[in-house]
Each structure stands twice: as C-alpha cells, then as structure tokens.
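So, here come the structures, one by one.
Two complexes follow with subunit A in common, the first pairing it with subunit B and the second with subunit C.
Here is the complex of A and B:
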C-alpha cells in the first residue's frame, strides 16, 4: 500500500472533481435552456456559485499538503514551470478555472437575484465599474459558462491522469479501460464521478431542499441519474476486472477492494450509498413519478459521500509494483 | 512626460523584472553545490546479491553519512526467496536514464547530470511527493524536517573527490562494486560487459543507468 498520499489528497481530488462537476451541470442547464424554464433555478445557481469555492478549498488543501510549499510559498510558483508533469497541467487548470468559475458564479447570482443587482448598481464606491453594466448579463454569463465547462472537464480529467501517469510504479492506478484498450481508466472514471457528484450536489441535494423534487421540473432527470449510476457501475466493474486480469499488484489492489482490507469502504461506504440507494430511489421516481424530499436529499448525500470515499479508496488501494 | 507614461513604464519595468525572475527560476539549479570535475565520467554500482548477507551495514552507513534520522535511509532491504533460503535485494535510487520522478516533478527539481547521476535540487522541491509515487523502485524518502523529497545521490561529493559511496565503503561481505563504466578495464565495466550484472526490472522502461544487480536465477 502506498503511504505518501492519504486522506488530504483524497479530499482535494474529490473537491476538485465535485466543483468541476457542479459547474458542468449548471452550464448544461444554462445551455439547454432548463435554467430559464422557471424564474428561479436552484441547480444552476448552486452549481455555478459553489464550484469556485469548492475548487478553491481543494487547492488550499493541496497547498497545505505540500511539504515545503507552506514554509517557502514562492516555491509554488515553480509548479507552473515543468510541462512534462501532469501536476503542472493541473496547477494551470486550477489557476484558470478558479477565476472563470468565480465570475460565472457571481453573474449567475446577479441574474438570479435582481435585488442584489440593483443594490450593487446603487453603490457609489462602485461607480468606476459603470462601464461593465452595458454588457449583456446573460450573454456574458454564457461566455464564462462555456469557458468554465472546458476548464471543468480538464480539472475533472486531470485528477484521474494525475494517478494514471505514475505508470508502472503503481499498476492499479494505470489500469487500462479494458485489457486491450490502451486508455487509462482513472481519468474516465473520475470524469464520470465528477459529473455524478456534481449532479448529486446540485440536483438531488440543493434543488430538492430549495424547491422540492427536481423531477417535477425535469421529467428525464431520474433516467439521467440512473444512466450515470449505470455507467459508473460499469466503469468500476471494468476497472476491477481489468486489474484482476492484469495480475500482479494491480490484481492485489482489486482483491483488497472486493473482499480484502478495503472491502468495507467499498461496499458499505461507496456501493450502497452511492450506487444501490440512489438507483433504487430514482427507479422508484421514474416508475411512479414520485419523489420525496427525504429520498432526494438522501440520495444526494449518498452520492457525494460515495464520491469522496471513491477517491480515498482508489488512493489507499494503490499498491506499488513488486520488486 | 505625464504621469500615465511614467506609471506605464514602471509597470512594464516590473513586468519585465517579473518575467526575468520567472525565467531565472529554473536556472537556479545550474549552481550545483558539488564541483563539476570529471568530464566524460559514467559511474556504475553493481550489487552482487549472491554475496549480500542482508546485514544492513550499507543502510546504516548511508544513514550516518547523510545525517538521516533514526530509521531512515536511502537504502531499503527487501527479503526475497523463502524462509529456508532467503536472499536480499538492497534498493536505492537506480539513477535511471529515463527517470519517471523527473518527468512527473512539477517544479523541475529532479534532474539528471551528464554523468548519469539523478539529483534533487531541494531549493526547487515543493514537497508534493508525486515523485515518490512515480518511482517504480520506491527509492525515495520524504525529509519531514525540510518538507522535501530525498534519495540516494551516490554520495556525489565523495565520488567527485575520488572517494566511494558510503554503502560501498561499508559493505562487509564485499557485495558492492563501484567504479567508472566508461573505463573498460574497471571491475564494474567488466561485470556489466560479461552480462552478469543487469539492471533491475528493465520492463519498467526507466533504463537504470548506474545501479545493476547480479542475481542468481532461481
């Protein structure tokens, strides 16, 4: 078992993924017009405003995890310089994603609350920003949402490539999609998981709390959710099977996950709350068209918690290649 | 000259200074603390596992010379074989020609010298531990006190001064051979040429360039 990366990296990989996923969901609602079906769209609002702070929190944790970065903070600047390193790509992506998502969140906030817009406009000391008010709010917001989505996909994928790039050192992390397809699984799995946790946070959790079950607004949501859970189950299954087929320490990692020292985390903290429970809830909602507050909030929390433990599980089950 | 041009000039000046500083950062490493001395040298360290008794003298000697805390060393012992017939694999930095630690390092702190020695410039290291994950030999340790990655540096100042790495000096059964691979008459060059000393796990694709091992086929 690798010991260099523990809980802290798991949390910031998770926060980066969920923040990116939340922005992707908000931008999807924006571009497909769902955002404007009702006066107030909690999914777009929460997705846009929360993504920046989540990724900022993750980045702060990342900096806290650096051994020398806290003592001599200028060394963090060196992290922008070495482009063969996936971590350098990540630092650039985070640096670009944070301001774009913060602006997008701010514009979405202004769009959602006209009173806040008026309040801001009436401030004397903001007089110098007058030239900005001639910009069309929604079109400007869309520009930032568009750039944000591209960066969000980058951030979500980067958290996976970071692991798969270690290559033969930790074979489980560089497991391919299928034994004969030379694409690493982690970026794919982390992208889908980012979207899934983003959906869980903005649709199941936030929107259910704000305006009641979202399924009343968007009829296809239970199906989308079930599709996501299905794809994620498929990817996890492919990961474990490919790792078992690969043999060696990758297979050992897979065995520890399925029935070894990490089995409790996998089955009790990931599969049940993040897969089985939300799937049943959404299947029920799709079949009967009913969706209660408790099941919406419950599946939201379950998906988010499972997303966090998935990152943790992948990190702790990384076993270095045998020498 | 009005105020706006002054401030613009000042701004441009600051920007240029910033850019120069940013470009200068990676050059810091070009002030190595060890003297460049032996042009064309390529070093080799051969470990004969058929002689190694696993006593750990190399581990301790390495720890003492590099002032590492109790229990920390650049060398790690792996017990192989079975309980009745064990043998020992001493792992330290293999000084790869294609070092994954240097590829993944976000700050360019790890670099490879022309003589094949892979070093860490600890003034650039930010302590992210990515290199520790990427090294398939798990040859790196973390310096908790300074918050940077650390590993075998082949006792380079001693070697450049004509001496030996601490592990080679300390080896009791004489299982470690050190010398110059570019000198065909040296013992290590002959061991490598004879094919007895081979790099460990070439399938990792990292092309270990200094360490090689004599391992009896099981």
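Here is the complex of A and C:
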C-alpha cells in the first residue's frame, strides 16, 4: 500500500470535488430556470455560496500538504508557468475558480436577500462601487455562473487527473474506463462523484432542511438522483473489474477494496450510505412522490460522507507498481 | 424543516458545517472500520546485510598486494589462500566489500585491529550472512537437471553443511553462475554415504536428474565417462558394434532423445538404398567402415 497520500489529500480532493459539484448544481438550477420558480431557492443559494469557501479550504490544505510551498510560498509561483505539468493546470483552475465562484456566490446571496443588497448599497464607504450597482444583477450572475460551471467541470475532473498522472507508479490510479478504452477512469469517476456530492449537499440536505420535500418542487429530482447513483455504481464497478483484469498491483488494490483490508470501509462506509440508502430513499420518493425529512437529510449526509470515503479509499488502496 | 424563526441564510452555514462534520465523522469512523477488519499476520522482515564496502579499502589494498601480504605471512600455501586476485574485487560478491561478510575493520592498517572480530568463513553463519540476500533457494534447477536440496541445509536437516561447502569462495573468484566453475558435490556424496542412503542416492542421482529412462537397466557410468562433459561416452553396452562412421556420430543422431527408442538396428532404418540390385541386408556387400567397403 502507498503511504504517502492519506487523509489530507483525500480531504482536499473531496472539498474540491464537492465545491465544484455544488456550483454545477446551482448553475444548472440557474440556467434551467428552476432558480426563479420560487422566491427562495436553497439549492442555488447553498450551491453558489459554499462552493468558493469549500474550494478555498481545500486549497489551503493542499498548500499545507505541499510542505515546501508552505515554507517557501514564492515557489508556488513557479507552478504557474510549467504548462506541461498537470499541477500547473490545477493551479490555474483553482486560481480562476475561487474568485469566480466567490463572486457568483455573493451575487446569488444578494439576489436571495434583497434586504442585504439594499443594506450594502446604502453604505457610504462602499460609494466607490456605485458603478457596479447599475449592472443587471441576474444577468451578471449568469455570466459568472456560466464561467464558473466550466471551471467547476475542470476542477472536478482535475482531482481525478491528478491521480491518473501519478498512475504509472500506482497502476490502480491510472486504471482505464475499460480494458480496451484508453481513457483513465479517475477523472470520469471524480466528475460524477463531484456532481453526486454536490447534489447531496445542495438538494438532499440544504433544500430538504430549508423548504421540505424537494421532490415536490422538482418532480424529476429523484430520477436524477437515481441516475447519478446508477452511473456512479457503474463506474465504480468498471474501475474494479478493469483493475482486476489488468492484474498486478492494480488487481491487488481492487481485491483489497472488495474483500481485503479495506472491505469494511468500502461496503459499510461507501456502498451502504452512499449508494444503497440514497437509492432506496429516492426510489421511494419517485414512487410515492415524497420522502421524509429524516430520510432526505440522511440521504444527503450519506452521499457526502461516502464521497469523502471514496476518495480516501482510492488513495489508500493504491499499491506501487512492482519494479 | 428548519425552525421558522431561523433566518434563511442559516442553510448556508449548515451546508458548510456538513462539510466539516463529514470530515470529522470520517476521521472517527475510519479507525473504527479498520478495527473491525481482521489484522493480517505481520510478515517478519529479515534484517539487511550490513553493507560495508566503503569500509573495506585497507583489506583490499593489503590482500591484493602479494608483497605486502608476504611481510606478515611466510607460508606459501597460506599466502596463496589469503591473496585476493584484484579482478575478484569487482565480482558480484567482491563488490560487497570484505567487511560486509567477514567483519573486522577495513579502516586501519594495524594488523591486529583490522582482524579483530574477523569471521573467517562467513558461511558458517549463513543465516546471518548468505540468507539475507539469497532467499527462496530452489530445491531443484530443472533447466540444469540438478537436485539442489537447499531447504535441507537451511532448515538444519543436513547439519554441518554450509554454503561454502558447495559454492566455495564466492567472493574470491568462485562464480558458479558463469558456468566456468562447477559446484563441488563431494559434500553431498560423502554425507549420503555416511548416512547410508540408498545406492541410487550415493551415485550421480544424488545431485543429477537423469534425462534417460534407462536407470533400471543401466547406471550413468555404463555410458558416461566424464563428470565434466556429458557427451564424453563409451558405449560398452551398445548391442551393435559401433565402428567406422557409426563411432563418430552422436547417440541421438540415430536414437530418439531421451529414451533411445525408435530403432530396430537395421541399416534401412536410417539409410535409403540408392540402387535396385541386392536385398535390404546391406551387410552382404557393405561394412560399417564405409559404403565403399
């Protein structure tokens, strides 16, 4: 087992993925008009406002994990110009995503709470921002949501690309989508997982807590949830099967996950709370048109917790290639 | 549902709090989950050989210099034993350095200090010396058709046998892998005789896995005359006298390898008759010395 990457990378990969996923969900509500169906849209509000802080927290942990970057922060500047490195792609994505998502979140907050908007507008010390208040709020917000969603897809994929780039040393991390398809699985799996955790946070948890059963507002939500769980299950299954077919240390990683030293984490902390329980909750909601507050919130927490454990499991089950 | 009097922006804090809660929960749950898993039996890691090639400089300088060695050793035979060919210093085992296996101290020119704690034959302590590098030794080498019962030596069944009994001074030019020298088998044979093992295990079969299925009728020495080269043979038991051209060809030019099957011992088994006259009994006209005779 590799021991260099443990909880800290798992946490910042999770925060980056969930932050990006939350923004993608909020932007989807924005562009499909669901945001304006009711006066208050907790999904769009939470998705837009938490994405920036989550990614900022993840980035701080990333810099902390870099070690050298913490002792000599100016060395991080070198990472902006090394374009052949995936690290540079990530540095640029995070550098652009953080301000865009923060502005988007701020604009969504102002749109959700007009009183706060008027309070800020009345502040004399903010008089120099007068030119900004003449901009159309929602149209400006949409511009940032549009840019943000593109960057969010990049951030979510990047968390997987980072692992794939280490792939030659840890074959499990560079496992392909299928044995005969030369596309790395990790970016695809992490993108879907980012969306899934974003949905869990903004819909299952935030919206259920704020306005009750969301499936009554958006009838297709249970089906969307089930589709995401299905796709994520399929991708995870393909990852394990391809790794087993590949053999060597990748297969050993898969065996450790399915029935080895990581089996409890996989089945008890990922499959049950992140796949089976939410699927049952949403199948129930799709069939009967409702689910309880507890099952909705439980589903959200389960998906988010499983998202973190999924990243942790993929990291700790990596086994270096035999030399 | 959140209490009605809570401001709506509380949901943002709840979202952020969930992220933090998730991380804390995971950090608590993961050790608990791991505790439920059966712990694999830890595999003992053998100690590493105390590599000390850089500390062997003075040993090499003295033991490769016959003149310097002669100042302290007068006996010619002893001198020959202690002298190291400089070429052997760069052999696989030589590059480990003298001190790595023989201990002592290579950092001094003082004779007594240099030889303090010296291990003359490291293979007497093969568990601490040879086996640190040479693990998973084979009991047979099929490609060479050899029996190499290393496990008997390692597990103490062949007591008193050490690595150097067969493999000689591997750090001093003995390199069985190259094929230029062969391992001694006298230790195997002497021990087998002393233990009164079966006659089969007191002969060639003690070490060699014969390829021919004729052991019931013949022993190796019935045909093979050399322990250096297998193709040196004397066919005293051949049913047909091998003279002329037949004495110069290899056994398996006529016979099927490895069990000598496939011949009825008549000329036409191998030779085609180039003419119509005469019968299949070639010997009516020809002799084995050549077709012209």
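Note that the second predicted complex is superposed on the first by the 322 of 323 C-alpha atoms of A that agree within 3 Å, B and C clash if a C-alpha of one lies under 4 Å from a C-alpha of the other, contacts with A are read in each partner's own complex, and residues count from 1 in each chain.
The working rule: a residue touches a chain if its C-beta (ideal position, glycine included) is under 8 Å from a C-beta of that chain, and two chains touch if they have at least 3 such contacts.
Computed from a predicted structure; not experimentally measured.
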item	value
Clash or fit (per the criteria above) of subunit B with subunit C on subunit A	clash
Touched partner set for A:133, first subunit B, second subunit C, both or neither	neither
Subunit B versus subunit C as contact partner of A:36, first or second or both or neither	neither
First (subunit B), second (subunit C), both or neither touched by A:18	second
Which superposed partner A:165 touches (first subunit B, second subunit C, both, neither)	first
Touched partner set for A:82, first subunit B, second subunit C, both or neither	first
Touched partner set for A:67, first subunit B, second subunit C, both or neither	first
Touched partner set for A:5, first subunit B, second subunit C, both or neither	first
Among 110-118, 128-136, 146-154 or 254-262 on subunit C, the segment whose C-alpha atoms clash with subunit B after superposition	128-136
Of all residues in subunit A, those that touch subunit B in their complex	2, 4-5, 65-71, 75-79, 81-82, 84-88, 91, 162, 165-170, 318, 320-321, 323
Subunit A-touching residues of subunit C, taken from the complex the two chains share	1-2, 8-9, 11-12, 14-16, 18-19, 22-23, 25-27, 29-30, 33-34, 36-37, 40
Footprint of subunit C on subunit A - complex, ascending	7, 11, 14-15, 18, 22, 40, 42, 45-46, 49-50, 53-54, 57, 109, 112-113, 201-202, 205-206, 209-212, 261, 263-265, 268-269, 293, 300-301, 304-305, 308-309, 312
Touching residues (chain side subunit B, partner subunit A) in the complex	22, 25-26, 78, 89, 91, 100, 103-109, 122, 124-130, 132-138, 142-144, 146-149, 200-201, 203-205
